[in-house]
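Each chain gets a letter, A, B, C and D, in the order it is written, and its residues are counted from 1.
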Amino acid sequence: MTSPISYAPELLVQTWFNTDRPMLLSSLRGRVVVMAAFQVLCPASIAVAIPQAQRIFETFAPDDVTVIGLHATFEHHDAFSTAMLKAFIQEYRLKFPIALDQPNHAGPIPHTMERYKMRGTPSLILVDRHGVIRKHAFGAVDDLRIGAEIGALIQEGGQSVALARSSAA
Amino acid sequence: MTSPISYAPELLVQTWFNTDRPMLLSSLRGRVVVMAAFQVLCPASIAVAIPQAQRIFETFAPDDVTVIGLHATFEHHDAFSTAMLKAFIQEYRLKFPIALDQPNHAGPIPHTMERYKMRGTPSLILVDRHGVIRKHAFGAVDDLRIGAEIGALIQEGGQSVALARSSAA
Amino acid sequence: MTSPISYAPELLVQTWFNTDRPMLLSSLRGRVVVMAAFQVLCPASIAVAIPQAQRIFETFAPDDVTVIGLHATFEHHDAFSTAMLKAFIQEYRLKFPIALDQPNHAGPIPHTMERYKMRGTPSLILVDRHGVIRKHAFGAVDDLRIGAEIGALIQEGGQSVALARSSAA
Amino acid sequence: MTSPISYAPELLVQTWFNTDRPMLLSSLRGRVVVMAAFQVLCPASIAVAIPQAQRIFETFAPDDVTVIGLHATFEHHDAFSTAMLKAFIQEYRLKFPIALDQPNHAGPIPHTMERYKMRGTPSLILVDRHGVIRKHAFGAVDDLRIGAEIGALIQEGGQSVALARSSAA
């Protein structure tokens, strides 16, 4: 069985945090991209997915892996504000770039979430060095498994895995 | 800086558990080998390393990754017995092959532990598809990092990572 | 050394959730009251204090212990809204009464937080069957310790501890 | 419904650790006694019950609460030795008195375990200040609940709860 190759579409973003300029996937060719979609009022996002995204950000070398957070406001629209997301990022001391998904005036699902056909939050998407989506998971993913998948995608490029704090052989 | 290539020496074993025949590293070429050295009276071995070894065993496909436990009796010799290790394996429901390191009549450090120059337990050793030692860690190693290293070693062989229960792209 | 007895003042509340009528401490004489002050953008509140408040609510008999949550909006005022708190309570499936502390037009600290001289969130306050404050803690409190203090306050009334699901002797 | 009062029988002990002299329950009147029965090859004993016993030991004042460990060798007799228990206590840095239950030549269940009708390990027994058994639990018990029960038993004596490191009101 083969799946058609699916290139990761660009994010449609209302506001970026923790980055001076918008992140373009087309500019990230050559790196593995980990996109962690979350929602600040989603318990599993806060307890599991956000800490894991932060661990991934701290574990891998920036030249190998780029972590991008995506706040997908697909419910509780009346409870959300940009100020709230900004305060959240500050309180949880997140350092990786985070995009606020662009609202969709035609319905509750924001544009990037719709474009990626995410089923909810947390969702985790892995994009390889060529821009192809290689994993699209909904719900919690364990560290060992996601670590293995990221490590394999890094290695595909023929480069060895450089960890931020490497362990000697 | 380059390190000399270090091939993983064969284990010197008093007794094997969970396997009908002795495991020879030379017979495991083509697979990544994860060797988890532990001691049943070492708290970090029991709380951290053994559950992690079991997770690795359950996560990766047997054709890609072989997990081997090594009980290194380097202290508390008077407290240890083969019956104790057997009961431990049964109670903790461990399913991967486990070797009892061969005692060394010349001193407290058993033969395999000495041969691998392990500093204590837990120790974790990664061997690539060609039999070369690629990681040699003492103490706890986090799941994300070890996952990445295993994933990269699997991928080096040119094969994509097959997880035991794979997540769809 | 003796401390002067300090009766727990009534809460000053903007909005109540999970209760049909305002909770008056004067009406709760005869019960131990556990007040858990939190803030939805405070990581320790969400990771530690709110789950603990929920466990306390589920562990003790309602005739012995009343749990009250207090959302103290003392920072991130621009990020907060009543709709956000309502969505939070729903998503985290909290069932105990929760008060939104009354804003203070003279400064950032809301009225109940000021009245109780809380230092921040999370804060935990224990009130005995006579309405006297018996514990006032800032930060995380471990379950064993808070369990012991609640158990002792229940017992002070001469009544034995009735747990929601009791364990037989 | 009423249960008959059941006084805690003395322990029948082969060897004591961490105490100069045998602990007699009759000498502990006036204190709450927490007896934690365990087995070194029982996973739940090691992962849950032993760390909890250590927390109880560290949390309560010695004048209020005495913690006693009981190693009940009711299975894996061939795997057990006194040297193993001694090494275990040293490696896990346990500081409370621990009794090795007296073997029973008539069967696998040692004498204290039989006398207390324990169903297995871990078991937790609470004895009040008068020597009466007030709780007899098999399996894991959560900290909040056991804390509440110990706190109530301390308070029954009319004394207020003195925690090892108390939190100010």
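Going forward, a contact is a pair of C-beta atoms (placed from the backbone, for glycine too) under 8 Å apart; a residue touches a chain by one contact, two chains touch by 3 or more.
Here the structure is a predicted model, which is why all the values come from computation and not from measurement.
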Number of steps on the shortest touching-chain route linking chain A and chain D: 2
Same or different residue numbers at the chain C/chain D copy interface, by half rule: same
Most distant chain from chain A, judged by the mean position of its C-alpha atoms: D
Chain A and chain C: spacing of chain centres that average the CA atoms, whole Å: 36
Chain centre separation (chain A, chain B; CA means) in Å: 33
Length of the line joining the C-alpha centres of chain B and chain C, rounded to whole Å: 49
Multi-chain contact residues (two or more partners), chain B: none
Pairs of chains, among all present, that meet the touch criterion: A-B, A-C, B-D, C-D
Footprint of chain B on chain A - complex, ascending: 3, 6, 52, 55-56, 59-60, 133-137, 141-156, 160-161, 163, 167-169
Contact footprint of chain B on chain D as seen in their complex: 41-43, 46-47, 76, 78-81, 83-84, 86-88, 91-92
